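Chain nomenclature is as follows: A, B, C, D, E and F, assigned in order of appearance, with residue numbering initiated at 1 for each chain independently.
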Amino acid sequence: MDKLPEIILHISTYFVSAGIILATLRLIKGPTMADRAVALDTFTVISISLIVLIACIAGRVIFLDVGMVYAILSFIGVVAVARYIEGGL
Amino acid sequence: MNKIVKIVFSTIVLTLFYFIWTRTTSVNNILVIAGLGLFVSIIYRNYLRSPILSPKKIAYAIFYVFYLFIEIIKANIDVALRVIKPVIPINPGIVKVKTKLKSPMGRLLLTSSITLTPGTLTVDIDGDTLYIHWIDVKDKEESGATEKIVSNFEKYLEVIFG
Amino acid sequence: MIKKMFSFILIIFLFLILFELLNNLTENKKLSGVAKEYAERGAAELGTANLVTSIVVTYRGLDTLGEVSVLFIAATGVAVLLRRRKDEEILIQKVKRQSSEILQTGTDLLVPIIIMFGVYIFINGHLSPGGGFQGGAVIASAVLLSFLSDINYKINHTVFGLIESLSGVFYVLIGVLGIFLAGGFLDNRILPLGEYGTILSAGAIPLIYTLIGLKVGTELASIIDNMKRDSE
Amino acid sequence: MNIIHVIGFALMLIGIWGMLTQKNMIKIILGLAIAETGVQLVMVAFGFIKGRTAPILDAAVPVKDAVDMIVDPVPQALVLTAIVIGVAVNALMLTFVIKLYQKKRSLSITEYKDLKW
Amino acid sequence: MSWNSLLGSIITLLGSIFLFLGALGVYRMPDLYNRMQAGTKSTTLGTMLTLLGIGICHYEWLGQVLILIIFIALTNPISSHALARAAHFKGIPLTAKSVTDKLKEEESKAEVL
Amino acid sequence: MELQQGIFVLMGLAMIVAAILAMYVKDLVSSIIAVGVVSLFASILYLLLQAPDVAMTEAAIGAGLSTLIFLYALHKTKDAEEEND
């Protein structure tokens, strides 16, 4: 019974991983580059959750710093792709 | 004078941010943090205007956050129900709405809220006119769409950003 | 066709080599000798909580100096190669599309927070993951976000060049001071070690990482600026 | 950790295969970037020890037990340097590509035969 | 087993389910804008709930987690707005089911003038 | 420990697929996005390998800045080509 929260966290990790796989499928399929950029956007947001879940399972608070850097850089990356598409780079 | 208020406000925000992130308790560290915050806010000058705080505005801001959170949850249940059906029931289109807000920060929050809530996504902004992608178009005309999408948020944001 | 066959054979050879390597790999159970030494002595001797930092800055400090030089040479190379001479033909400049108002407001709001986070990363390099290189990259991305949101945004080349060269000079100077005042080149014990676990501890490491962060940040920003500059 | 080595080696092979067969110069550089990632992944995996934690000493890892609790920090420090140098090298190569393009107006590597005898 | 870790893990599970559904929406929706709808809304709420759950599990992390949540809630709408604007400018079409496109009408009007 | 193995396998498969996609997709922007995705996956793998410093560097430099440098280079080589033909 003590292990219940841990088991639930593991199940959530699998859900999150499945989400990443679906985003990857969109990345492969996406007919235009904008669709692939949407897949990248979705994928990065999901990855932040995965990073925080890994931090929780490993029990190290310092991993959250990595999540913050990831959030900043992924945001700028998606904006850059968008600006490239509309020709404002 | 306005410049000094800006710098002080941004220093306080940045110091608070850093303080919550590091959770430090030693006085030495906090002094170092405040110095760094002051430095960053001096070198970065075009920071936004600090809102003038009053109890009414703070109360409205708290209400706004709660309202937004409930709307976000409703939006998600809506999208989730659409996604799991075998044939996705959608009726999409891009509609045009008008906003009354003037301050840039208020507009940023308005468009972000619209993007986060039921079936709407801001595509473009041109002066007072917003173009919104609506997953289930209920009203093609400008006035009706404004009534359904914008006015709920505007009510709060008009008070907060005056 | 012959070329493709040749590459295929090369890949097969590489595959066989790697396969053999993989077969003979044994899992390690404990730290190697030098790592053990660092792990035992790092915290007490240098006052750093992050052992990677103590290796990068002090124990293998010369490597880092070399790396900073490589980065500097690359940035200079990009600047020299992309410099435009008068007699070269000038391409017709395309009309760029201005970004939306939302992105501009968002940039004004977010850039100070991002810069502050970059500063946090390199000044806390001895306590938490991160350091000069990551912090510099985050600061360079803040500059980049300004580039993306405003097509007329220009960086001040004089200030950037000054920051870059001054931080480089001071970095080497601190390294040389280490020879005279402490055990060797880039020794961090030229300043008092301070209380373990606070920002102002671990001797000169926060100072060194700040200098590296400023240098890397300005260099990456100038690489991006040079890549961005169109025919003007 | 055999899986991670397999992944890293696979990335290396894909990157090198791409570098050898692609015609577009930007794709060749992308192939190099992929191969680089693979090599760095393998290097970090060599320092990994099962069941241990990151080499940063805080509340979770007391200083005196550090030797028995942390993974090897030396490969991590090396890879840190390698990544930064990698991006500098990529930038320099792309600059060459831009210059070559301005001369000949083509990104295809087969157009550049000046050194062929 | 303490109450806060159980509550936190359940909220995390809810969030991860939303994330999964958002990704499913990105995969299944017919055109770019609808994909973006699913992608932005569900993943934002999913990430917020996941992070909040972990903040409840380890309540000493709550401050950092809240900062991450605020950052994501600010940046995610901006990036998807930029992407939608770019895609519409590039002329990526809406799905055939769409009923109206005022922005396109406006643009074509401007071109005629 | 099984959890870690599971994520390793999933991430590894996704990474290899993204790498192959990067090499064989026609459109260069998609190719650059795919390389960025490979770097982001690598960053998560570094975190699982208990190397937060390297994960941070990879996320900041490998996935962020290098993608942008590629995009700028592509922009500079593309716009002249359109004028040409």
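Note that in this section a residue touches a chain if its C-beta (ideal position, glycine included) is under 8 Å from a C-beta of that chain, and two chains touch if they have at least 3 such contacts.
Because the structure is predicted, anything quoted here is derived from the model rather than measured.
J.: Go through the assembly and pull out the chains touching chain A as well as chain C.
T.: D, E, F
J.: Of the chain pairs C-F and C-E, which one is connected by the greater count of C-beta contacts?
T.: It is C-F, judged by the count of C-beta pairs in contact.
J.: Please tell me the distance, in whole Å, between the geometric centres of chain A and chain B computed from their C-alpha atoms.
T.: Computed from C-alpha means, the inter-chain centre distance equals 22 Å.
J.: Distance-wise, how many Å sit between the C-alpha centres of chain B and chain E, to the nearest whole number?
T.: Centres of chain B and chain E (C-alpha means) sit 14 Å apart.
J.: Find the geometric centre of each of chain D and chain F from their Cα atoms only, then give the gap between the two centres in Å, rounded to an integer.
T.: Roughly 11 Å separates the two chain centres.
J.: Between chain B and chain F, tell me the centre distance in angstrom, where each centre is the average of that chain's C-alpha atoms.
T.: Here chain B and chain F have centroids separated by 31 Å.
J.: Specify, in ascending order, the residues of chain D that touch 2 or more different other chains.
T.: In chain D, the residues touching two or more other chains are 1, 6, 17, 47, 50, 53-56, 58, 76, 80, 84, 91, 94-95, 98, 102.
J.: Going through chain A residue by residue, note those that touch at least 2 other chains and give them in order.
T.: Answer for chain A, listing residues that touch two or more other chains: 13, 20, 37, 58, 60-63, 65-66, 68-69, 72-73, 76, 79-81, 83, 85-87, 89.
J.: Quick check: what residues of chain E touch more than one other chain, meaning two or more?
T.: Each of 22, 24, 36, 40, 44, 46, 60, 64, 67, 71, 74-75, 78, 80-82, 85, 89 in chain E touches at least two other chains.
J.: Please list, in label order, each pair of chains that touches.
T.: Listed in label order, the chain pairs in contact are A-C, A-D, A-E, A-F, B-C, B-E, C-D, C-E, C-F, D-F.
J.: Can you list the chain A residues touching chain F in their complex?
T.: Residue list for chain A touching chain F: 10, 13-14, 17, 20-21, 24, 27-28, 30, 33, 36-37, 40, 43-44, 47, 50-51, 54, 57-58, 60, 62-63, 65-66, 69-70, 73-74, 76-77, 80-81, 84-85, 89.
J.: Please name which positions on chain C make contact with chain B in the complex.
T.: 100-102, 104-106, 108-109, 111-113, 115-116, 119-120, 123-124, 195, 198-200
J.: Over in the complex, which chain D residues touch chain A? Could you list them?
T.: 53-54, 56, 58, 60
J.: In the complex formed with chain E, which residues of chain C make contact?
T.: Residue positions touching the partner: 97, 99-100, 102-103, 106, 109-110, 113.
J.: What residues on chain E touch chain A, complex-wise?
T.: Residues of chain E touching chain A: 1, 5-6, 8-10, 12-13, 15-17, 19-20, 22-24, 26-27, 32, 35-36, 39-40, 43-44, 46-47, 50-51, 54, 57-58, 60-61, 64-65, 67-68, 71-72, 75-76, 78-80, 82-83, 85-87, 89-90, 92.
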